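After this come two complexes, each holding chain A, first together with chain B and then together with chain C.
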Partner chain A sequence: MCAAVEKVYCAGLQCGKETDSQLKCPICLKNGITSVFCNEDCYKNNYKAHKAIHFKEGDETGEETYNPFPKFKFHGDLRPHYPLTPKRYVPEGIEKPDWAQDGLPVDEQKNDRTNEIPVYTKEEIKKIRKACILGREVLDIAAAAVRPGITTDEIDKIVHDETIKRNSYPSPLNYYNFPKSVCTSINETICHGIPDKTVLKEGDIVNLDVSLYYQGFHADLNETYYVVGDDESKISKEAINVVETARECLKTAIKHCKPGTTFQELGDYIEKHATENKCSVVKTYCGHGVGKYFHCAPSVPHYKGNRAAGVMKPGMVFTIEPMINEGTWKDATWPDDWTSTTQDGKLSAQFEHTLMVTEHGVEILSARNKKSPGGPRQRIK
Partner chain B sequence: MSSTANSDLQAIFQFVKDAEGKFDHDLCDVKESSLGGVGVFAKRDIPAGTTLLQLHKNSIFSASNSSIANLLNDEQIDGILALNIAFIYETTVFKEKSHWYPYLKSIRIEDPQDNGKLKLPPAYWNETDKGLLHGTTLDTLFDALTPQEEVERGFEIAIDLAEKWNEEFGLEIPKGYLDITDIEDSEAIESRFHKFIAVAYAISARVFEIDAFHESALVPVADLFNHHVVQPDLKFISLFDVCDLCGEPGMCKHMLAEEIEEAKEVERKENANKISKKKEDRPVVQTLDKAVLEKLEADLQKEIQEQINEKEKELSKGKELDPDECIDMTTINDVKAGNEIFNSYGELSNVFLLTRYGFTIPRNPYDVVHFGSKLLELARNNEDIKNRAVWWSETGYDKYINWFKEQFAEEHEHVHGDSCDHDQDEEDGHEYENNNNDNDKDNDEEDMDEQYEEGEDDDEDMEEPEEEKEEDKPWLSELEIDYEGEPNASLLAACNLFSMEPEEFTNFSKEVENDHGNMERLLALDNGTTNSFLEKIIIESQNRLQNTLNSNASDGINDEQKACTKDLVNAELEILRKALLPLQK
Partner chain C sequence: MSALKNFQYNEDEDGELPSLVTGTETNLNELLNSVKNDGGSKLVSDSKIERVNRQNDIATISATRDANNIPLKKIPVTIITGYLGSGKSTLLEKIALKGSDKKIAVIMNEFGDSSEIEKAMTIKNGSESYQEWLDLGNGCLCCSMKNVGVKAIEDMVERSPGKIDYILLETSGIADPAPIAKMFWQDEGLNSSVYIDGIVTVLDAEHILKCLDDVSPETHWHGENDMKDDHLTIAHFQIALADKIILNKIDKITDKSKLENIKERIGEINAAATIVESEYSDIPISEVLDLHSYDSVDLDEQNVINSKILKSRPTIHDPRMSSIVLKFRPLKGEEEFQKFSKEFLQTILWKKFGVTNNFKHDNDDWEIQRTKGLILINREDGKTTDVKVIQGVRDTFDIMKSEAPIESDCCKLVLIGKYLNFEDINGLLKTVIHD
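Right after this comes the complex of A and B.
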């Protein structure tokens, strides 16, 4: 019997093609990692994203962490803790979206029309509902692991493993070359935090944004959790206020969803509640259509006075995911091109559901259940 | 002429500010204009090339930006009809919930000074008031006193959609506009129809052509600038060539996706070729040179540093608007402090201005007097003229026009083939055509219909009726005397032809048919009979217009509209007066 030859894929996130090349990254080899590239060009093109997995110079264990952007003026206390772990493996049998290989969601780009909001058939909705149930299971399992001392990369592993266990693909993985399977956004991070070796500590807040692709449909949901150890008092009243306000903002917006509601008015309800609680609303990132595509029309801004187009009709599926800040609404992006933080370094919290408009209202497809970890806390005066 | 109430201006300015648009209040003052309504005035001397208004295209009111954009898209409704329906929903169903409302509520379809009377275009005036325009070019050439079927069809489509959306998912039907299901009273239905027309009229008076995605839109503040017939101070700039699916300028995700797909296809084909190659041909082991790695790392550090610098700059300065994503209004002349700043809506006659915008201006050089219906009337009553007209229409006219074009080749570009007096101003006008877009450029009669075409594929329904229409007959539609009182080539030819002695006509027509007719003969105006023929039809037209001028208005229209009708008739009388002078010498 001959040994099965395992397929080898180019480690370039923008390439990902099957290859029989022998070109291996020499730095990875020293770290005990095999990263094969098609050719020198592939290596060069993908260098920036790839080098994120390289160990700190001189360290051969990968235990030592480092800040890859020492010259960047960070807006708060949070820092990236590299190296990242290598791209996680998704088994051959799992249905993958087109970006899994090279990072570009061509199908989605091609088919998204600004003013064409998909309305799903009953059959399609069944599948989206199933994807959302799976998404909720994965988020809950990941959330249960949130505790002081765990790294966001460990949470990523949990999300990744639980997702593929459910025959699903973790939608964020390689989406526009996002390197991981979940977004983990700590404290001043608004969204799109990259799981790395950062250790969660007591009193932090962390958002886990889970998206998965199951039988052709995406689910998208997130929640912000308190990192609680033995000492409950480590959670500041500011953290509780911003987290609970964000939770309530989402709830308030959902209450108004029904056929005939305009997408633009949701921002009014969200910002009103945020302002009443002395918080602000992020403008740069919006809710979005989800289902057949990870992101599509409609665009659902969360701030008041926005001029989003569109009105709700039964069968539409979209997310609302307000990002609520303790201080300024303004955001800034790290040089990793993903992590978005508040400009003043103050806290930001977010909650997200995938929703479907029904005949007379709305169904929360990604709803919590009784066993879901997290949940609201009393504000402290 | 903007009829925006002064009290609404603050709401509009606030809207622009909230939308992060820029309107230069230091340079511009919006106040009452001597033309009526408000206008924009220079507070200080403004040099040419100054951008007075810049708005992101997400803050202009287009159907694509509206609350019901997706519904209109699903029904494949676009163009002006889509904009009309969107306007009605925004202002009657969504109201305060719509963030367009602070701007849109300033656009009033009722005359606040006149008991809330609807402002309608002439085709929807009562018969008495239409009498104020009888026999004018508006009536005879543009047929603008007859309601257009397309408009009524637009109303019907809007009603059907409103009912459909209501049944499908309970979207409220716009009250007082499209709620006719349970109404038996024909007056109540007519009042709704008239409101629909009034919306269309108000929109047509303000609409700007934007781009391939937005098509036409209402643009806050831009619509406050009044029209100058010959010397506008401003140009309206909007990049027309954008993706019609998402509105993005340049490389949008749709184009990108297409490009990637193409590249993948090419690669697939190349790979298919490679597979046939033997494996041994490929290099077995490759290594990365240390120098390559070092250079990569150095380049990356440089790139990151540049990115950091860029971001810091952005943070301290704030993001600039991308001009490709904006509409701009920029001065093309120096404007003196205190002067009104004018836009141009196009080279438009008063007929066009009244029909589409609801105003007229004195001494409009694009005004003409048209003789199509006059000559048709003569032909109906005189068998001889009728025969000549038929011959001219079927045989002579085409030959004449061809001859004329050859003869006056340099003037060929003047499509009208007439003596119209294109001066410097037109040249200026063309300069900003590539940026497209002041509202309209050609005052072809068809434009009036075009503005009402709706998005459905309705070619079959749009077929012209069999009946003779002037616009089908170029020889009739081009019979004009221009603003200077000069009859054009078509009119001269017709006058010569119809005033020939019978024998002369027989000979002439034969010669023309054999392609050796003396066409020059048709341009002459020194022939006594031709002269008196022209004089006669001018005087008859004068008498007719004089009657029109003396007729009384009902209270169906407001004073401003009455004044417009007088201006229009007087302008044509003045043209006829100028035309008579050389004839009566």
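Right after this comes the complex of A and C.
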């Protein structure tokens, strides 16, 4: 078997064009990384994003990690650990969404203006169902690797490799220039954590949010996992309460899904359950339509009294993904413009399914199976 | 619409950028030895970090406020729309110059035309003028309830309590005001420090009729940037969404009957907005402040400016965008109110949002842009009547308790939208509320 020739693409996240340029970033090359740019302009135009993979001054191994935002007042104890690893390669044969190249989801933005909730045909639903089965496989494999000592970047590699092995594209990769293939959100991180060299430690909680694109359709699912080593007692009762409450909130909301249910009422059920368990509900981020587009109508807010438009109808596909906090519901964003954490630095947990409305109820397209890692734990009094 | 973030190299922060290498240079080792790893230094600018850090200050301020149960002082926002050349910018300049006992921030930058992620906005207050940097974060709106531009304005308000009493926001001339209105019209849960007071649309009296009839994409839809159907102009949308219309440059209209004709045409599109005539964009500041267009309704016969016309005219001149007014008896109790909400309001407002029933409307392209209404509910005890206000922008609507006392003996609903057919919509209402 002869080795497949990898085409060369410009390393500029906002360019990404195939190129026959030989020009490489010397800083990367010095450290054994090949980053090809079309020309000096592409290098300059993308430099701030590219620099995230550069090693620290004086370090030639890339193993010495650093906090890229030393002057930022973090809200909790968690810190980013750069450098990031270079953008991962997606083989030629895999169908890619339009943002894979330059970061801009043009079709999705066009669709946003149509103001309607898509209703899928039987054929389309078959494909979405398949994408969701693959998404579940990828999440389960990644979750099985969660343990003290692993870095979130190593989890990203697992998610990326397992996704492309299934002829799928990891939807987050380069979506509005998100640099990685999965979101990994640790402890106070609400969502959109960027995989880096942060090492998971015993007692942490970590959310893995997997989305993949298979034959024209997206699947989207996530779960929060306990990082358990030898010492079970490292998992605090607060962690268990927030994680289990988030898990139950999603379950409760799903129970109410059927034709005729309004999207806005889901927030009432979710907030009620969260409040009963002394937790709060994040309001800034919401569930969304998924399928032909990564994100589209409807919006599915998780808090009570919201004004979301729409009622459920057979053939609609959407996510519910409540983010539940131990303390305040308020969020703050890191200077990377992605990582969203709680304002008080207390824990946040999330669970997400892709759901399809059926004639009489709802089908959990991203459902767990018997072998799925994770799962509920008993609360500690 | 969101765009991508700016990752542009900045010499001051990033230092001198080394030249790219092919890797085949004879002096490669020498070249590589001369470059230094620069990871960790100024990945984002210090000024950006400072701005993000101010989030913390805001968090502290709001946490203290919450702990002491001090309510957040919400700042009203009036959105000013109108074509380039309508006199919109002049109007804002004049308001800023006149000043007021209120500290008014006039945001002059084009809003709604966001090709930029970070931008400065100009705040004018009397003779004072300063720039405030809006940090719009990354452009990703995916699954986010808050528009980044709105968030930036909220942050600005919260970190300078007492400095701003009112915000006037100028939109881009080609902007459809509905999405902007929705951004600022947030539900209580989102705990915003700003609220939408109303939309004021400035029209050039001399050219408006021509504008409404001109559907060439070059003049109104700025080519492929806009996806609306070909039969409507942005002027239709700006009038439809208006709570108040400033009919400017009336000095250019010498023929009185022509002026009446213009007002009639505008009133057919939007029966619920008051029209204020002006010359040289000169109007009292009170005309654009404290409209309360989203928390109360003013559908008084006198104020529904064109109810006369709506009744008397034989046909509408422009079916593409028009108002219909529905009047009906008070609802009988909670059950009928729920029925009205589900079977009537949801049907007409959530047409493409999963509503399934047999409602037929003669033109399939119909779409409601703006809803304003007053609903009376006779309670089961036979004595009390609840008064509720309905507000809606496209598919988003809310029914709230009326803040101001309202005298009315019947329910009134004004619907403004594309290709609306009174008979069909009124027919639907009759199936829900029997006489």
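Please note the rule applied: the second predicted complex is superposed on the first by the 371 of 381 C-alpha atoms of A that agree within 3 Å, B and C clash if a C-alpha of one lies under 4 Å from a C-alpha of the other, contacts with A are read in each partner's own complex, and residues count from 1 in each chain.
As a convention for this text, contacts are C-beta pairs under 8 Å (C-beta built on N, C-alpha and C of every residue); 3 or more make two chains touch, one makes a residue touch a chain.
Predicted model only: the values in this text are computed from it and were never measured.
Per the definitions stated earlier, placing chain B and chain C onto a shared chain A by superposition produces a clash between them.
When the two structures are aligned on the shared chain, A:381 is found in touch with neither chain B nor chain C.
Contact with both chain B and chain C is seen for A:311 once the two complexes are overlaid on the shared chain.
By the touch criterion defined above, A:370 reaches neither chain B nor chain C. In the superposition on chain A, A:59 makes contact with chain C only, not with chain B.
Within the superposed three-chain model, A:40 lies in touch with chain B and with chain C [touch as defined at top].
Shared-chain residue A:7: touches no atom of chain B or chain C. Counting the residues of chain A touched by each of chain B and chain C gives the higher count for C. In the superposed pair of complexes, A:122 makes contact with neither chain B nor chain C.
Only one of the stretches 4-12, 22-30, 94-102 or 130-138 belonging to chain C has C-alpha atoms clashing with chain B in the superposition, and it is 4-12.
Overlap of the chain B and chain C contact sets on chain A: residues 22-23, 25-27, 39-40, 43-44, 47-48, 51, 69, 71-73, 104, 109-110, 112-117, 259, 297-298, 305-307, 309-313, 332-333, 335, 343.
Interface residues of chain A facing chain C in the complex, by the touch rule stated above, are 13-14, 22-27, 29-31, 37, 39-40, 43-60, 66-73, 75, 82-83, 102-104, 109-110, 112-117, 119, 175-178, 259, 267, 283-288, 294-295, 297-299, 301, 303-307, 309-313, 316, 321, 328, 330, 332-338, 343-344.
Residue ranges of chain C in contact with chain A, taken from their complex: 1-10, 14, 17-24, 31-33, 35-41, 43-44, 46, 48-49, 52-53, 55-56, 59, 62-63, 137-140, 142-146, 187-191, 227, 346, 349-350, 352-356, 394-398.
Those residues of chain A lying in contact with chain B across their complex are 20-23, 25-27, 39-40, 43-44, 47-48, 51, 69, 71-73, 104, 106-107, 109-110, 112-117, 259-260, 262, 264-265, 268, 297-298, 305-307, 309-314, 332-333, 335, 343, 359.
For chain B in complex with chain A, the residues that touch the partner chain are 18-19, 58-59, 64-74, 94, 97-100, 168-172, 213, 245-247, 253-254, 256-258, 260-261, 282, 284-288, 292-293, 296-297, 300, 303-305, 307-308, 311-312, 315.
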